[in-house]
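Just so it is clear, A, B, C, D, E and F label the chains in written order, and each chain counts residues from 1 on its own.
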Amino acid sequence: MMFQNENSYDIKEKIKSAPVAILPVGAVEAHGHHLPLGTDNILAEIMAIKLAEKVDSFVLPTLPYGQVWSLRNFPGSITVSNQSIINMIVDIGKSLYQQGFSTFVMLNGHLGNQNALKDAARVLYDTVPELKTFYFFYPGMNKYAGEIRENTASHDVYFHACEIETSYMLYLSPTDVEMDKAVNDIPVIPMDADSTPTPWENFTSSAVLGDATAATAEKGKYILERVIMNMVNILLNTKEDDYDS
Amino acid sequence: MMFQNENSYDIKEKIKSAPVAILPVGAVEAHGHHLPLGTDNILAEIMAIKLAEKVDSFVLPTLPYGQVWSLRNFPGSITVSNQSIINMIVDIGKSLYQQGFSTFVMLNGHLGNQNALKDAARVLYDTVPELKTFYFFYPGMNKYAGEIRENTASHDVYFHACEIETSYMLYLSPTDVEMDKAVNDIPVIPMDADSTPTPWENFTSSAVLGDATAATAEKGKYILERVIMNMVNILLNTKEDDYDS
Amino acid sequence: MMFQNENSYDIKEKIKSAPVAILPVGAVEAHGHHLPLGTDNILAEIMAIKLAEKVDSFVLPTLPYGQVWSLRNFPGSITVSNQSIINMIVDIGKSLYQQGFSTFVMLNGHLGNQNALKDAARVLYDTVPELKTFYFFYPGMNKYAGEIRENTASHDVYFHACEIETSYMLYLSPTDVEMDKAVNDIPVIPMDADSTPTPWENFTSSAVLGDATAATAEKGKYILERVIMNMVNILLNTKEDDYDS
Amino acid sequence: MMFQNENSYDIKEKIKSAPVAILPVGAVEAHGHHLPLGTDNILAEIMAIKLAEKVDSFVLPTLPYGQVWSLRNFPGSITVSNQSIINMIVDIGKSLYQQGFSTFVMLNGHLGNQNALKDAARVLYDTVPELKTFYFFYPGMNKYAGEIRENTASHDVYFHACEIETSYMLYLSPTDVEMDKAVNDIPVIPMDADSTPTPWENFTSSAVLGDATAATAEKGKYILERVIMNMVNILLNTKEDDYDS
Amino acid sequence: MMFQNENSYDIKEKIKSAPVAILPVGAVEAHGHHLPLGTDNILAEIMAIKLAEKVDSFVLPTLPYGQVWSLRNFPGSITVSNQSIINMIVDIGKSLYQQGFSTFVMLNGHLGNQNALKDAARVLYDTVPELKTFYFFYPGMNKYAGEIRENTASHDVYFHACEIETSYMLYLSPTDVEMDKAVNDIPVIPMDADSTPTPWENFTSSAVLGDATAATAEKGKYILERVIMNMVNILLNTKEDDYDS
Amino acid sequence: MMFQNENSYDIKEKIKSAPVAILPVGAVEAHGHHLPLGTDNILAEIMAIKLAEKVDSFVLPTLPYGQVWSLRNFPGSITVSNQSIINMIVDIGKSLYQQGFSTFVMLNGHLGNQNALKDAARVLYDTVPELKTFYFFYPGMNKYAGEIRENTASHDVYFHACEIETSYMLYLSPTDVEMDKAVNDIPVIPMDADSTPTPWENFTSSAVLGDATAATAEKGKYILERVIMNMVNILLNTKEDDYDS
C-alpha cells in the first residue's frame, strides 16, 4: 500500500490492478501549544492510509511543505509559494500518468494548499486529460462539524488547531496531542480578513481559532469517518445523495 | 471620479486628497439567455461607482477579462489564466503606488477571479507594503442573500445568473436584463465538483444556477446596499460589528 | 455589435456568421492638459466601433491598460509590462479561437503597446495558426498626417497629444477635449532617445509632442477615414494599391 | 530533533540554541528487485537523523520527490523537474531564514538532485546571504568506497542499487532489503552516456549498476560513518585534513 | 581593445580608465545568394571595432544569435526568442556593471533584435540605474541612405540584403560579398505586413529587399562613417545638431 | 565548414549531405595572468574546427557567454545564468532541427556550462526527439591528463588555467599564452567546496588551480588528439572500447 516500499519489478503489474495514487499533502505550520508543527502532514498521511484501506490504491510519500502565508510569521512555520506547489504537483501527476496510473488523488490536510492543488489539477486536466485528478480537503466536513461542534466557529471557512482539528488529531494520532496545553481562544477575525492580506498575528497570538479544550476523539471519529466515506463514494462513484459540501 | 476622464495636470493634487483607486474587475462569460456576456463587468463597474460616491476615490477603467475556466466552453465565454490576471494586477498596483495612491481596491464581479486577486494582493503586500490593497467580492452577501432568497442555492459558494445575480442586474442595470428569457434551472451539482476539475457543462446546459425568475430589483437593492456599506466600513474602518462574511 | 451585450445563446450562431473579433487596446497615460488620461482607450474604442460598422464583426470590451514606460512618471499614467500584455492577449486569442472566431483584430490606440501586440500575434500564429490575427495602429497614418500636418513632427515615429492626436479626439470625441488648455510645445528630442532608455520627462514637461492648438476635427476625420479604410481593405483583402505604410 | 514534532511555542527558543535545519532530500526511483522505490528517501532520512545526533540541529520532513530523468521510464519512478526542486528549496530556505535558522543543510540521497540543490544554494547565497547553505551527497564516499569495494564501479560518478548503495541500506535499514533478490549486473555504460541524453534503459534492464550481491552492512557502516564525520567536520569547521572529495 | 584578449590582472585598471563595453549583436540569417548567413554578425563586429577606435572602450565577443522570426523559414536562418535575448543581455549588463563598467553599448546589426535590446536596456535601467545602456542600430542611417540610394526602398523600416546592406558589406568586408550573385529583387510587400505576422517567404523568394546590384563600397562608406560619428557623438555627448534619426 | 560564411542558397543542399552542426560554447572568465579572458572561447572554437575536419559538419558561431558563478568576482569575468543559457540553446536546437540538421553538437570549453547544456539537451530530447544532441566537455580527458600530468590536481573535477588548460592553449593557440607570466599556484580547496556555494576568491587569488609553468604544447596535443578522437568515435559510433570517461 505504501508506494515507496514497493520495488520496481513488482510494481508494474500492481499498478495495473490498482491504478490509483494517493498523495498526502500537508504543511509545517504553527498549531498552538498543544499540536505539533507537522499536524497537517500527520493528518493527511493517516487519512490517506485509511482511504487506501477502502479503495484499492497506493499511498505516495507525503509532500510535507505547503503554502502557509497567513501563519508564516508564527514560530516554526515554513511556507512555500503556490507556484512551487503547482509545479511540483503537475510534475508528479504527469509522471504518475506515465507510470500507468489512471487516478491521482491529492489528499490535502492544509487549507492554504487548496487553491494551488485546484490549479494544478486544472493544468493536468488540460495536459493529461486521461488522468482523473482529485484534490480532497475533508469533503463534507462543514456539515458534520456543524452537527457536533459545541462552540461556534471563528470563521465560516477557516478552522485551525481548534475543537475540530484537535479532535481529528485525538482520533488519528492521540500521542501527538498535549491536551493539557490546549486553550480556548476564539479570536474576533476582523471584518476585512477576507478582503485584504491579513497575517493571522493581527488577530490571534495563539494560532488557535476556537476552543481546543472541547476536542474529543469521538468528534474526530464522527467527522472523519464520514469524510472518508465521501472520498470513497466520489472515487467509486457511489451514493452521491449522502454528500453535502 | 472616473480616473481616465481626468487630465495629467489636475490629477496630481487630486490623488493627494483622494488617494483611493477602485479597479472594477469582471469577465466575459455566459450568463444564460436573460443576462449579457458582460454581466460581471457591468456589475463591477456600477458597484465601483456607487462605492466611489461614498468614499472619496477614483474609479479606474474596468479590467474586463477574467478567469472563466468553469464556463469556458459555453458560447461567448472568454477566459484568461490566473497568472495573466496576477501579473497585470501587480503591475497596475505598483504603478498606482508610484502615482501616490495609498489604497488600491479591486472591486470584483466574477468569483473565478477571486483567487488570482488574492494572490496579487499578497504579492503587492510584500513588494509595496505601504499600499493597502483590497479584493472585494460582494462582502457579506451570503448573509443578506440568505435573508431574502426564495429558493435554496445550488451550491454554498457559487451563485451564477440566478435569483441573486439577476436581482443585482435588475437593481443596477435593468435594461440589460431580458426577464422573459429567465429560467428556473436548479441543477444538481455533482458530489465531486469541489474536488476535481468540473466544467459546468457537466451539470447545466443553461449556465443558470438557480431560479432566475424569482429575481427582483428589490432583492438586488437589499443585498447590494448592505454590501456597499460593508465595503465603506472596511475602507473607512468603521462599524465592524455589523459584518458577517 | 458590442460583444459583451450579447447573450450566450444567441452568440454561437452569430459568431458563425461574423467570426471577426475586434479588441480595442489602449492605455491610461498623461496626454497634456487638454486631453484626458484615457485618450488612447477612447480612440481605440470608437475606432473599433467604426471599423465594426464596415466589417461584420464584434467589438470586445477594451483592454484599458498598456505599456507606458516612457511616460510612467507623469501624473496619472499607469503602466503594465510588455509580458503582462502578451500573456493576456494570447489567452484572449486562444479563447476566441475556441469560441469559433477566425479573425482576431487588436485595434491599438497606444504606440507603446505595439511591440507587445506584435509578439502576442506571433505566439498565436504558432499556437493557433488557423486564427488570423491583426494588430492595427492607425495603418497608413504617417502618409495622411504628412499631407495635412501644419507643423513638423518632433519625431518620425512618436506622436502624442499633438496636432495629430488632438485632431483624432476632436473628430471622435470632441467633448473630451479642452482646446482652451491646448499648448504648442514642440520639444527637442535628444539625439540618443532612440538608442537609450529615455523617460519623456527628460525633454518635455507638458507631455505634448507638437502643436496641439493646430488640431481640428477635419484633420482627424481626413486621416482616420483613410486609416479605417486601410483596415477594412486589409481585413477584406481589397484595394491594396491604396495603402502606404 | 524532528522538527515537525515540535510545537510553535517551544520552537522559537529551541531554534536560537540550535539554528541548524537538516532537510533530507530523496526520490521515488527504481532500485532493482531487492531495494524499495523509496531507497533514496530512506537513506537521506536516516543519515539526517545520524547527523543530527552529532550536530545540534533539527531534521525537517523529507522532500521525497526528486529529479529522476535517467530512470523515469523504469516502473515506479516518479520524476520532477530541476526547476520545481529549485523553486521549492529556495522557498524553504527563505522561510527557514525568517524563522531564525542560520544554517540550512540539504542532505541528499539521490545524485540526480545534486545540480538542482547546488543551483538553489546559489540562489539563496545571493538572496539571503546570511544563511549558510549546504548540499551534501555522501561527501568523501568515493575514497572510502574505493577502499573497500570488491567490484569495480560501472561509472566513476554514478552508483545505483549496487554493492555500495545496497551496503548503505543493509547498514541503515536492513529490513528494507531483500538480499535474495539482489543481482550482480555490471552494465557496459556506452561511451557517450556523459555527452548525450541517455535513459538508463539503453544499457540496463535491472537498474542495478554493479554487484549488489557483494553488499554488506559492514561496508555500508565503513563508508557512512566516515561520510557523516565529514559532514560533521564541515558543519563544525574542524579536521579538514581528513577529507578527500 | 578586444576584451577577451585581455587577461584578468591587467583588466581591472584598464576598465577604470575605459569603462565602456561594446557588445556586437547580430544573427545567423538568410541574406540572399551574394551575402553570407553571418552578414549581421560581421557588420556588427567590424562596426564595433570602428567605434572602439574612436571611443576608448572594449569590444566584447559577439552575441551571434538573434531573433529571426520573419526569415526563420529561409535556408540557414537560426532564430532565438526575444525573451532568450533579453535574459542573456540583462545578465551580461549586470555582470559588466559588477566589473566596473559605466557604459554598456549594444551595437546591433540585425533589426529583428532591436525590440529585445530595447526591452533589455529598460530592465537594466531599472535594476542597475548607474549603468548607462545604449542599443544602436545604425543611428541616422535612414537620412543618409535617402541621400544616396538609387532605388526606392521596399519598406520604410526594413532593409535587407539590398543596395544599402550590400554596400555596408562592400565597405566593411568586401571579400564576403559575391557581387556576381547579387540580384535586383524589389518585392511588393503586402499592405498588411505591418499589421499581421508575415513570414517573408510570403513576398520574396530571394530574401533580398531591393537592388543589391546597385551596391558600392562608397555608398557603404558614406552612410557608415556618418552612422559611426552619430554613435560617437551620442556616447561623448557632442554635436547633437548633426543628427537625424 | 564555418556555417555563417555560407549563403542561404547553397546551404540547403549542403545541410542534407552534412547534417551535423557544432556549436562552440565558452565563456569570458579570468584565467590568471598568462591566459586571456576568452580562453574557453578560443579552445572551444579551435576544437570545433578540428572536429569538423574529421566529421563532415558545420561549425556555428561561438556562443561566447557562459555561467561563471565561481569566478564572477575576478576581474574581467562575465557571467550569465544557467537558465539564460538553457533558453538560448533550446531555441538554437529547435531552429537547427527546422533547418534540416539531424545532429547538434555543443562543444563546450567551460566546465561551468556543462549542467546547463545537459539540461538543454534533455529539453531538446523531449521536444524534438529526432534531433540527436551532444554536449562535449573534453570527453576522456581525465584519463589522459592523469597519464601525463606532472603535478597533482587541486580537485578531481575542476581544472583551470593550470598545467592542463595551459597546455591546451599552447597546443591550439600558443600566441595567446604569456608563459613568462605563468605561475605555480596549487591552492588548498576547502573541504566544503563541493557542498556549499564557494566563490573561488575564497581559496585562490590567482585563479590558477595548479602549476601552469609545467604546461607544454606536447601535453596539450597528447590529451586533445585523444579527446577529439573520442568525439569522433561517439559521433560516428565507432571504437567504443577505447574510451574512459
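Just so we're on the same page, contacts are C-beta pairs under 8 Å (C-beta built on N, C-alpha and C of every residue); 3 or more make two chains touch, one makes a residue touch a chain.
Every value quoted in this text rests on a predicted model; they were computed, and no experiment measured them.
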| task | Figure out the least number of contact steps between chain C and chain D, where 1 means they touch directly. | result | 3
| Hey, how far apart are chain B and chain C in touch steps, shortest way? | 1
| Going by the stated contact rule, which chains contact chain B and chain D alike? | A
| field | chain C on chain F, rotation in degrees - Cα superposition, rounded to nearest 5 | value | 120
| message | Farthest chain from chain E, going by the mean of C-alpha atoms per chain? | response | A
| remark: In terms of CA centroids, furthest away from chain D sits chain C
| field | Cα-centroid distance, chain A relative to chain C, in whole angstrom | value | 49
| task | Starting from the mean Cα coordinates of chain D and chain F, work out the distance between those two points in Å. | result | 29
| query | Do you know which chain B residues sit against two or more other chains? | reply | none
| said: Under that contact definition the chains make a ring. Starting at chain C and heading to chain E next, list them in order. | reply: C, E, F, D, A, B
| Interfacial residue positions of chain E with respect to chain C in the complex | 69, 82, 115, 118-119, 121-122, 125, 132-136, 139, 142, 155-156, 190-197, 230, 233-234, 240, 243, 245
| Can you name the residues of chain B that touch chain C in the complex? | 3-9, 11-12, 15, 28, 30-38, 41-42, 60-65, 72-81, 83-85, 87-88, 91-92, 95-96, 98-99, 176, 178, 181, 207
